[in-house]
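To start, the structure itself, in structure tokens.
Each chain gets a letter, A, B, C and D, in the order it is written, and its residues are counted from 1.
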Amino acid sequence: MVVVLKAKTREEDIRKLTEELKKEGIDVCPVIGKELTVLGIIGDTTKIDPLKIEAHDIVEKVIKVQEPFKKANRVFHPENTVVDVNGRKIGGNRIAMIAGPCSVESEDQIKFIAEEVKKSGASFLRGGAFKPRTSPYSFQGLEYDGLELLKIAREKTGLPIVTEIMSAKDIEIFERDVDIIQVGARNMQNFDLLKELGKINKPILLKRGFAATIEEFLMSAEYILAGGNNNVILCERGIRTFETYTRNTLDLSAIPAIKKLSHLPVIVDPSHATGKRFMIAPLAKAAVAVGADGLIIEVHNDPEKALSDGPQSIKPEDYDALVKELKPIANAVGREI
Amino acid sequence: MVVVLKAKTREEDIRKLTEELKKEGIDVCPVIGKELTVLGIIGDTTKIDPLKIEAHDIVEKVIKVQEPFKKANRVFHPENTVVDVNGRKIGGNRIAMIAGPCSVESEDQIKFIAEEVKKSGASFLRGGAFKPRTSPYSFQGLEYDGLELLKIAREKTGLPIVTEIMSAKDIEIFERDVDIIQVGARNMQNFDLLKELGKINKPILLKRGFAATIEEFLMSAEYILAGGNNNVILCERGIRTFETYTRNTLDLSAIPAIKKLSHLPVIVDPSHATGKRFMIAPLAKAAVAVGADGLIIEVHNDPEKALSDGPQSIKPEDYDALVKELKPIANAVGREI
Amino acid sequence: MVVVLKAKTREEDIRKLTEELKKEGIDVCPVIGKELTVLGIIGDTTKIDPLKIEAHDIVEKVIKVQEPFKKANRVFHPENTVVDVNGRKIGGNRIAMIAGPCSVESEDQIKFIAEEVKKSGASFLRGGAFKPRTSPYSFQGLEYDGLELLKIAREKTGLPIVTEIMSAKDIEIFERDVDIIQVGARNMQNFDLLKELGKINKPILLKRGFAATIEEFLMSAEYILAGGNNNVILCERGIRTFETYTRNTLDLSAIPAIKKLSHLPVIVDPSHATGKRFMIAPLAKAAVAVGADGLIIEVHNDPEKALSDGPQSIKPEDYDALVKELKPIANAVGREI
Amino acid sequence: MVVVLKAKTREEDIRKLTEELKKEGIDVCPVIGKELTVLGIIGDTTKIDPLKIEAHDIVEKVIKVQEPFKKANRVFHPENTVVDVNGRKIGGNRIAMIAGPCSVESEDQIKFIAEEVKKSGASFLRGGAFKPRTSPYSFQGLEYDGLELLKIAREKTGLPIVTEIMSAKDIEIFERDVDIIQVGARNMQNFDLLKELGKINKPILLKRGFAATIEEFLMSAEYILAGGNNNVILCERGIRTFETYTRNTLDLSAIPAIKKLSHLPVIVDPSHATGKRFMIAPLAKAAVAVGADGLIIEVHNDPEKALSDGPQSIKPEDYDALVKELKPIANAVGREI
């Protein structure tokens, strides 16, 4: 951490601030220039709140030089984390293929799609039971009934199930019934929920908030890790920008960035990022090429009738073709599908 | 709603889609051009999900022409909503002055600040008991003890208290103990929480998510209103942009926009928007000039020692001076402080 | 400037880099922690390119602590710059009122509007002769004929004229014929044009690019100042964000920010920022309240027939009413209109 | 185009507007609902300025349903454009590999790098002679001398040269000496320059402005095409978002979007987008996988000594390894390198 002091700060005030900072268990090294004085802060600064220092009248600004996350940080955990989901791995050499409808709609629908995507090579089934919708008047999901249908589809296909949690009050049920608990983009900073998820041992699929920086994303993972749950899988799903042609802008740079900063696996969701069916295939290919550990893709047998997210869902036959096209790209970057 | 069809769509497919749409209880009026066919959708479209229509292969895009919010919409509720908080009004002629520390830190602190801001003319006391923090290692608030201290300060000064809720599980306590329940920017789309707040009758101060459009902001208010709670106060607190000089970019255009679109009162939080003490006064003045119904400002007796948000807190004497400076501006726009 | 080195950098490499840096005429002060080494750079760093340092393999990142602009910097020029335009001042106590149509359309139009806004209290006339348009098929302005019409309106009313330059090849004509040369948002980083404008002595109205940070904005001013032309007036006109309700998001925080960082006068353009007529008055009031040195507002006698920017133009009678409403706000912040 | 009228608009006013619109040579088809009236506009609307319609008091908003670009539009030109540069094609099956230093620095440097990248498989040489720099105090390029050095490198290697133009006054020299004239991101809406480039017949490499929408990008291409020059190559190079980890956010979704909307070839610049060396390889792979027609990559023999953009330059040996790794990905998407 580097503390930049205001011009013409008196020596006495510098001494006072230095002493105050040292009380926090860190070392302070002043760099005194003609026009500018900065204090270099040495030691473990993850627990120091830069805003507390910036609140001093003599401080111009505080600049962080170390990442504020610790357990999520590759520096302290150099090897990749591989999350084990009932024996299937996410974060290893094999690219995790997660597929299924946006919403669970009926037993027939979820069973049919689960079998189709399994045939094509998917190893996890996604499906929304609780749906976060911008409008209170939109379909909100089948809720607990949807969970039951997912369980039936799992029994039928053996595919572990991934579904979104929307309230901490459901954690017990999700812990019992679900294989990977998804935290949606809108809840990425629902700290109350993150803390509760840190107390269990289930794999958590944490989606990046559409306005979250990579650092904030990793800090949200840190909340779960700090609670003791190491099974965190990150998911890039597009960020909000000025561009309106796509729903969001898929930030594929985030994949190499996260791989450098953290040891956690990171997958990509091209369906939510773009909102457009014709873009899924090219962006899925790009995601594999850039180094993602997995893909979560919306597949629906009848997108025109889908209760949610129809425009971005592809049909089972398109998914099948896509998986085939992805394989040589995975091989080209030393991975398997 | 306007449905733009793809070029060269067959008449038969247009007829099929038209029939399907009519089943939803709306009227369809086709506009057929040489290069382009569009379907005008007439009737109550608030319950139609545009994505369901867009999922059809023959549909190029769906364009909304009506606002998707209904209870929050000024069209259906032309007069201003005035929220009553224990006899004090928000949304009327008098500008609501809400002030207090970012976090409640101790009995002495909150009592002292409450008395100071009251003397200066504040009519509501703010103070965080539960704090949403980016880092799990930062001070998370005094939590339930903080609520108790707020109650003591209220008893001492008579100022109604405003504080943030972070979990639906606390609603009962907040309903009993708090005068205005704040929903923070990060929880603006925590729909589970919004639904629960729709069931009670307390005033809710809903902050705009830092990446929420004005329409999404009003849709979140709609969640609360749709549940039956009409006491919603909106709060603009800055949006995330590419500019890094300020913490966020205060979007003052949102005030006249919301005033036009909705009947709900809207206040401004210049403290969180900028993160910088020297900007509070000019932006508070601008907020009053632009037509805001209130101001929520962080005041701390010793910002350098504040447990959170020190850099953006002003001292009681600065707050006192500011209130005096705001009065002629309020008068110039036909309001009072 | 602070140079953060990669973990485990060898002492020898630090020494080599330090020596290399010292050759550039700056001092280097190393701060060596257990996990992290940073180099504090002392001296005049405005001419050091941080990217050249960051290109070294051992460097993690380079953090600037001083503003990169010098002539535009308030530190080296504490008193406000007041620009003199034929005896009228911009940047002093009186708020500069600039008004007129988006485009010059005819002699009658520009003369009529000029006389109207003059009666209402405007002291400068704006009007576009060369128009930057997104589409090559839109009206591109009357060009040189437009300049002639502006001169006629100036002769008739005595109002100095402000109009946009789009090409360096026109500088000679603009220098001779125009009182304030405007550089539009899209040309804010047309460095070739800025360099040429630095060589003349005319007042330049430099608009902020809609995606320019405050620092980049001041660096563009620095280009003009560095060339020897000190008559730079800045103009905030909205930045591009994710919000689509308004054309751009007017960044009023930029006014106190620029006032702190620089000595240059800064005015506000609410017309282009919002693109909506009903927002002009509230945002103009906010701009005066926040401390702007002037307002540039589009006024058109017949907005429905305007050849450009009709939706954001107000009528002369609205402008007249607005100026009256602005006066008490100006007085409240110690200014005059 | 769809014109949404304000609620309660009188029939007479609708009739008047309809007549006015019909005079522009378009057809108007009214859709009259209970709460809302919209006018469907049929015919060639590319020359209609939506703002002129929106300026009417009775108009709520105008919604475009057709793309405003015509010559750049795939609808009117279904087959891909392939640009011929001295016999080498851009836009065909072979992926165009453009490489070279950010700035031309010396004869030895440009000759050495040109030979190296040619050996690795590059077919075009890039190198900046005129450099747009945020700071007037940064290295501005060797200018005309730089052009001469590029010509020497071309003679030596046979590689066509790509370099940026910064001023319309240089067009004659660029037309004579350069093989592909680059328009930088900051000049994407320098309409004066675009118009001049439309009058010549050289290939133009048009970079997307970092805050330009895809539509605005295509409209800038339209300026060149409308002038008669069909040899336009587009280049995605990152957009400005709230994320600060990377310099800009590479928008790879723009590639399939542009391929759908337009027939023009589009290449990717991962160097400027990220500003970070370690990201070039993964993003170059993603760009090929997503369907880009080419890659422009900064290569420097000694990045630590580069006069500009060192942190994002890779070494010749890294470029060589990258080209080898890209080949199987190109093959996987049916292309060649």
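Definition applied: a contact is a pair of C-beta atoms (placed from the backbone, for glycine too) under 8 Å apart; a residue touches a chain by one contact, two chains touch by 3 or more.
Here's who's who by UniProt: A, B, C, D = 3-deoxy-7-phosphoheptulonate synthase.
On a predicted model such as this, the values are computed, not experimentally measured, just so you know.
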* Structure fact -> Of all chains, the one whose CA centroid lies most distant from that of chain A is C
* Asked: For chain A and chain C, what's the span in angstrom between their mean Cα positions?
  -> 39
* Asked: Per the centroid of Cα atoms for each chain, what is the distance between chain A and chain B, given in Å?
  -> 26
* Would you mind pulling out the distance in Å between where the CA atoms of chain A average out and where those of chain D do? => 31
* Structure fact -> Touching two or more other chains in chain B are residues 211, 240-242, 244
* Which of line, ring, star, complete and other names the graph you get from chains that touch? -> complete
* Structure fact -> Counting only contacts in the complex, chain B reaches chain A at residues 46-47, 49, 51-52, 54-57, 68, 132-139, 166-169, 186-187, 189-192, 195, 209-211, 216, 219, 222-223, 226-227, 240, 303-311, 313
* If you look only at chain B, which of its residues touch chain D in the complex? -> 2, 4, 7, 27, 29, 31-36, 38, 40, 42-43, 60-61, 63, 65-66, 75, 240-242, 244
* Partner chain A, residues of chain D touching it in the complex -> 211, 213-215, 239, 241-246, 249-257, 260, 273-274, 278-279, 282-283, 285-291, 325, 328-329, 331-333
